[in-house]
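The same subunit A turns up in both complexes below, where it pairs with subunit B and then with subunit C.
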Partner chain A sequence: MLNYLARRLVLAVITIWAITVVTFIILQLPPGDFVDAYVAQASAVGTAISAAEADALRHAYGLDQPLIIQYFKWLSHILQGDFGQSFEYGRPVTEVIGDRLWLTVVLSLGAIMVTWGLALPIGIYSAVRQYSIGDYIFTFIGFIGLALPNFLLALIVMYLGLRLFNVSVGGLFSSSFALAPWSWAKLWDLMEHLPVPMLILAMAGTAQLVRIMRANLLDELRRPYVVTARARGLPERRVIMKYPVRAALNPFASTVGYLLPFTVSGSVIISVVLSLPTVGPILLHSLISQDELLSSTIILMLGVLTVLGTLLSDLLLMWIDPRIRMGALK
Partner chain B sequence: MSVTTAENRVAVATQRQLIWWRFKKHKLALISGIIVILFYVTSIFADTIAYTEPFDTQAARSYIPPQPIHWFDANGHFHPTVSALKGKRDPRTFKLSYAPDASEPRDVTLFAHGYEYNLFGLIPTDIHLLGVTDGKPQDALFLLGTDQLGRDVFSRLMVATRTSLSIGLIGVIMSLVLGVLIGGLSGLYGGWVDVVIQRIIEILRSIPTIPLWLGLAAAVPNSWSPQQVYFAITLIISLIGWTELARVVRGRFLALREEDFITAAVLCGASQMRIIFKHMVPSFLSHIIAAVSLALPAMIISETTLSFLGLGLRPPAISWGVLLQDAQNLQTLALAPWLLVVAIPVIVVILAFNFLGDGLRDAADPYG
Partner chain C sequence: MTEISRRGVLAAIAASPVAMAWFTEQVRAADLAASGLVGEVQGPTMITDPAQWPKKFQEAPMLAELVKAGKLPPVEQRIPAEPMVWKPLDQIGTYGGTWRRAFTGPGDVENGNRINSSDKCFFWSADGSKIVPCVAKAYELSDDGKTYTLHLRKGMKWSDGAPFTADDFVFWFEDLYSNKEIVPTPIPDMTPGGKPGRVVKVDETTVRFDFDVPYYLFEDMMAGDTNIGGGQSVRQSQKLSFGAYSPGHYLKQFMPKYSSLDEVNARAKKEGFENWIQMLHFKKDWSLNTDLPTLGPWKTVKTINTPIWLLERNPYYYAVDTEGNQLPYLDHVQMTLGEDLEVINLRAMAGEYDEQERHMDLSKLPVILDNQTKGNYKVHLDLGFAGSDFLLQVNQSYKADPEMRKWLTNADFRRALSLGIDRDQLNETFWLGVGTPGSAAPGESRPESPGPEWRKKWSVLDIKQANELLDKIGLTKKDSAGFRVRTDNGERLRVQIIAVQAFLPYPKLSEMVADQWQKIGIQADVRELERNLAMTRVRNNEHHIYIWNNAGTELLYLFARHAIPVDPTEAYMGPDYATYYASGGKQGTKPDDENILKIWDLFSSAAGLKVDGRNKNAQEIWKINVDQQYGIGTVGQSPAGLGVRLVSNKLGNIAAQVCNAQHCRTPGNSHPETWYFKA
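This part shows the complex of A and B:
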């Protein structure tokens, strides 16, 4: 068990380090740096910036040093909790990100809860009532969920919302609360806005999980022990819930490691479409305007949070599944 | 008697025949296979099926709703025509609205002359599948309406299909090369090579990938030509699929290594290359084909998503994602809902690839 724990921890640390390196490399890739973009922007509005001024700016931001030094400088600042200034907004990066990171976390975790909450009962139903009308309906919806890229689903929901109900489903707050400080009323407003994006985000994951759950449970239901349980007169509900469902649940927990990154990725995209105040839209914007410190911080934070979330889910899995706890499963 | 002939038939059938028989049983996969082929035929003949030059803009044709073809004339005879359109601007709202002018019907003809293009990129021609008699389909034929700049959505959709499907195909081939190479190394050598590669794959799979790809895609310089952007984006999305393909290849290598016929080949003194290409590859080729057709939809979704966000292919390139970008905001959707029609081929082709992949995966191991 300790072995398993240590292995997971080491892997998480390596992963986070890999994320910092990859993030840094990606952000160095675009030709030119922020100062170039800044100069171009300034000249577009008619303010000329001389080459000397540009070099001074570069020096001030440390852009004139070798990459490896820039990387370690960047890393040491981050380890001290200093993420730097957003070039574009002229404010600390953490301030620009603000509540958005937590709204991303809330949205993603909520979507995962919805995924589980829907996939479990639907999966059981589809397996137990295989080839029933309900099974076909859920299978059909599942395939659509699998085939629809989530930004398209968001677009279609937005269109239908406007057409059929004349409501705009974008955003996470009503306009009166968007800039207001946190209060109970604002929290309630958030709760009212969350379900639609959460459902959209959960759709693809749910479809996948239902398929896995259905296939696993169907395998288990054919096992002799189920026949034995039935033959001995156990009530049907108990026959199904007590053993086969628990056995079929295992891959459920183990897929969370992929479900979490998948959901966080999806949240970035649907946030752009539905203009949700998560990190998605500002990530996109900062990438386009080459606001490197802002975009790198967002990518880094999303990556690290995902890795931590996966680590937590591993611990949870260890706690639930005695086979891992006892070290039978590597 | 008939049972024994059937058994004999199975006993002497080649592996290819067995796979085909098994695959044929999966009706949905068979139909999906046909749909996929149709899509690729469409993309080969995209310019022929299109009838209006996809880049041809005209302000006077902005946001024309889809116009139907009238299949029968007044006497009930089969005589497909379209009406010319009269645009009228509302004097108060300045909104342009179009009304068909039934007095001026134009005949719809097959294999008509239209704009010039190169068939297969080689043969210059101007024959199009559909056209109207006066040779000006851009003023009369609007099967799926027009966009803001007055470009014909149907014709653009055909060209977009070619771009998006070919990106998916090239992307999947690139990730297949990566996957076979890395997964093969991992499965063949085992030991620490395997451990390191497996850990790397695990790390890659635990990172939320979209932000990283966005970062990579944003790094593609604005000054690049559409062709360069096309290859850069293809390369980026091929970085998505290889981990899964590598996993499949490695799994097959590990399973096959233990098989008796491989041991026999080793004992007979066959070289490693011969064992891999003569004995191993044929027996897992079908698995790879199945994995590829399951990986393709992910490629197509990635390209569409990146282009939709404005970080993938950029206009003037035309792809599904670029077309959907036009339908991005609510105002446009309310004004021109037909722009969303692009979603239909996206969904159909992704579903078809999924079903096809499922069927191929079941058929890949016909002895089970």
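This part shows the complex of A and C:
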């Protein structure tokens, strides 16, 4: 068991190193660098920046060094816990992300809870009462949820909110609270703003999970052990919850790995559309403006979280599924 | 991809039949002026006669408290002996309140720069036609045009209370501008005829700019939105180091000249920068550094890299109203981050902003008008001067494909393309009919306009003439689908249009033009590219036609790059030619087109001409330009850029129409420091 864990940890470290290499390479792929993007933006507002000036900026920000040197400089800084300064924000990268991190986590965790809270019971219901009216209704709504792009839903909800209820659109705070220090009133304001983005974020995920849960459970329900349990006179509730549901949960455990990165940058597009102060929009924006230290830090963070999440889901699987536990020990 | 479809969706909502019908009724059926949306150009009046200046001064309650607490000297000591005096548009305002507004992130520094643009040495009258005093009270230009003398206001102070004097100009010139590590190459603004100018202190309030050749144009340079004249906010933020003056008393501590290289580098490291230059770029940026002394009506108290960019009144601001109240009236400007333009537009309609013109989308005008009562705001349309909000710039230095080069550099080919565009259809679809169709030339009200007859020259729909021109130049053969074919290999002639997403939906507009060109047998391929990639293509001289607007070219000498190929930055009309011009013939390629050489001649000689001569040269340039169709104009003089203005009914002293132009720094030259909240 320990041996297994150690092997997984070593593999994780190697994977993370590989992620740093890939991250760095990917960010170099688009034409130009931050200075080019900056020159383009400056010229859009009528500022001419000469080629010599652009080179001076490149020099000041170390962008004129060979890639391999830039990479090792970046890596060594990271190992010392220094993620550098964002070009565009002119602040330490950790601060730029940190400002938004906890709101992002709150929002995403909320969305995950809503997703699971809705999807699991509905999935179980749909499987157990297959082809009932309820199953058909949920299936119908589920397919709409799957087919409707989230950003479209977000736009429609915002527009209707404005037209019908004249409510503030987008963001997580009313403008009167945006600057105010934290207070109960501000917290309540946040609470009022959270449900809509949370539900929209949860929508597609819920529909998907309902379908997976339903299909898995249907597979299990036809197994002989279920028939045996019923024949032995076990109460119906116990028959379903104790055995087939547990087995059907396997795929959930194995996708826990993706939930960790999701909590940090759940949905970039929805966050942009709803103008939420989360990490998603800064990732998108830093990629467009080629703010490399900022985007690489976020991507690296997502990579590390994915690796950790996968590790976690392996352990979780071992815990809930004896077959995997035994296999690993062998 | 999602970006496009998302915009499509809202555009569809905006264009819903009900809203559209309402809009037609309100605006299009009546004429634009009668709609009440386009008012008279107005602004506050500057009182320049010292006899009419107030003798006693008052200040905002929030500053009076600071004075009482001994944290600030009394108002008489903060205002210059020669203040800027405004008679507000409607009435004397009352102090207080926060102007709520939207911004889109740290890249949107222009949002605040423009509000704060009365930190320019000179500015423009409300209609954008005359140079008026601002930070400086007056200037003289010597008869030979080689000496420009600037007079500052006596007793004027930086926002930290330190005196603002001629030394701040000398500091900028000697320590920022002349330091090759910060500004490696001299800017054209300061080097007429390629000869570097000098900045000299005459006395505390007098500065002289000396040049080796006549440089009458410099008066416009100092008033325009140029590198030299743009003011501290815009020209020293975003890692720039221009703008004529700089707070030396504050910035010296970050420069090696005043301590040592080791010392400033050590300080930079300690504050989290790699080296002193990075630190300096941060320290002189008013949007990032709250300690930086500034001159504008407001200063930053919460920086642009946070979700709210908050400005607060500058206690030393140098302007008062006619009753002696120190301006601005409004305590704060609060810009709230909107990650997405759709959200910003929706919030504006919900009445969440007190004044917003930036990021407002013309295509949403019907819904914006629909929500006026509910959102408690009024809509004003501010028309621009520029000839074309959607300009097809034809690459004259293209050479990758000899056959294509032959046609792109053929005037009749370009004229035919222009005659093949149905500008009314574009105007109705994308400008909701409020633009003016025609050539690229600036509006007739501008002194540089070549005259009304040049609006329509080669710039109306005439399929017959277009086809005749194309037949005449030898593009007679067509393929089975009716498209004209190349003369070298008989394949279809394909004109490529590069369009990026900006201001207007350029790719969609280009598609419509491509569609219209079918009637003249021209196949156009529209390439929608990401901005950086598109710019790389242009730098490599790979594009046929590039889409942009020509906003700013109404003052040709201050911003020529979208009118003629002279500026290697964004040289869509010919990167190789622009490089040749800018380098004085050392790099790039010399044009074989006589007309371009003639334009260059008129352009470069204008800097040494007085204003009438300059205007005449500009008119000549526009005539050649329109006749040659280097830039194919479509629809302009519209509110498409920064011209849809939503103003809360609570705000007072608001102009019916403001000058909407780059040199007017919209909304800067409507002087937001004179706005106030009605009780």
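Basically, the second predicted complex is superposed on the first by the 259 of 330 C-alpha atoms of A that agree within 3 Å, B and C clash if a C-alpha of one lies under 4 Å from a C-alpha of the other, contacts with A are read in each partner's own complex, and residues count from 1 in each chain.
The definition used in the following text is that a residue touches a chain if its C-beta (ideal position, glycine included) is under 8 Å from a C-beta of that chain, and two chains touch if they have at least 3 such contacts.
Please read these numbers as outputs of a predicted model, since none were measured by experiment.
Once chain A of one complex is fitted onto chain A of the other, the partner contacts of A:I269 extend to both subunit B and subunit C. With both structures placed on the common chain, the touch criterion links A:V22 to subunit B but leaves subunit C unconnected. Look at A:H285: by the touch rule set out above, it reaches subunit C but stays clear of subunit B. When the shared chain is aligned, subunit C comes close enough to touch A:D99, but subunit B does not. After overlaying the two complexes on the shared chain, residue contacts for A:L162 are found with subunit B and with subunit C alike.
Contact with subunit B, but none with subunit C, is seen for A:L148 once the two complexes are overlaid on the shared chain. In the superposition on chain A, A:T206 contacts neither subunit B nor subunit C.
Subunit A residues in contact with subunit B (one complex) as well as with subunit C (other complex) are 30-31, 149, 151-152, 155, 158-159, 162, 168, 170, 269, 272-273, 288, 290.
Residues of subunit A that touch subunit B in their complex: 11, 14-15, 18-19, 22-23, 26-27, 29-31, 143-144, 146-149, 151-152, 155-156, 158-159, 162-163, 168, 170, 257-258, 260-262, 264-266, 268-269, 272-273, 283-284, 287-288, 290, 295, 298-299, 302-303, 306-307, 310. Residues 30-32, 36-53, 55-57, 60-62, 85-86, 88-92, 96, 99, 149, 151-152, 155, 158-159, 162, 166-171, 175, 178-179, 269, 271-277, 281, 285, 288-290 of subunit A are the ones that touch subunit C when the two sit in their complex. Of all residues in subunit C, those touching subunit A in their complex are 2, 6, 9-10, 13, 100, 105-107, 110, 181-185, 187, 225, 227, 234-235, 238-240, 272-275, 277-278, 281-282, 285, 288, 302, 305-308, 310, 334, 336-340, 342-344, 346-347, 349-350, 352, 371, 374, 502, 530-533, 535-536, 552, 559, 561, 567-570, 662. By the touch rule above, subunit B contacts subunit A in their complex via residues 199, 202-203, 205-212, 214-216, 218-219, 221, 297, 301, 304-305, 308-311, 324, 327-328, 330, 333-334, 337, 340, 343, 346-347, 350-351, 354.
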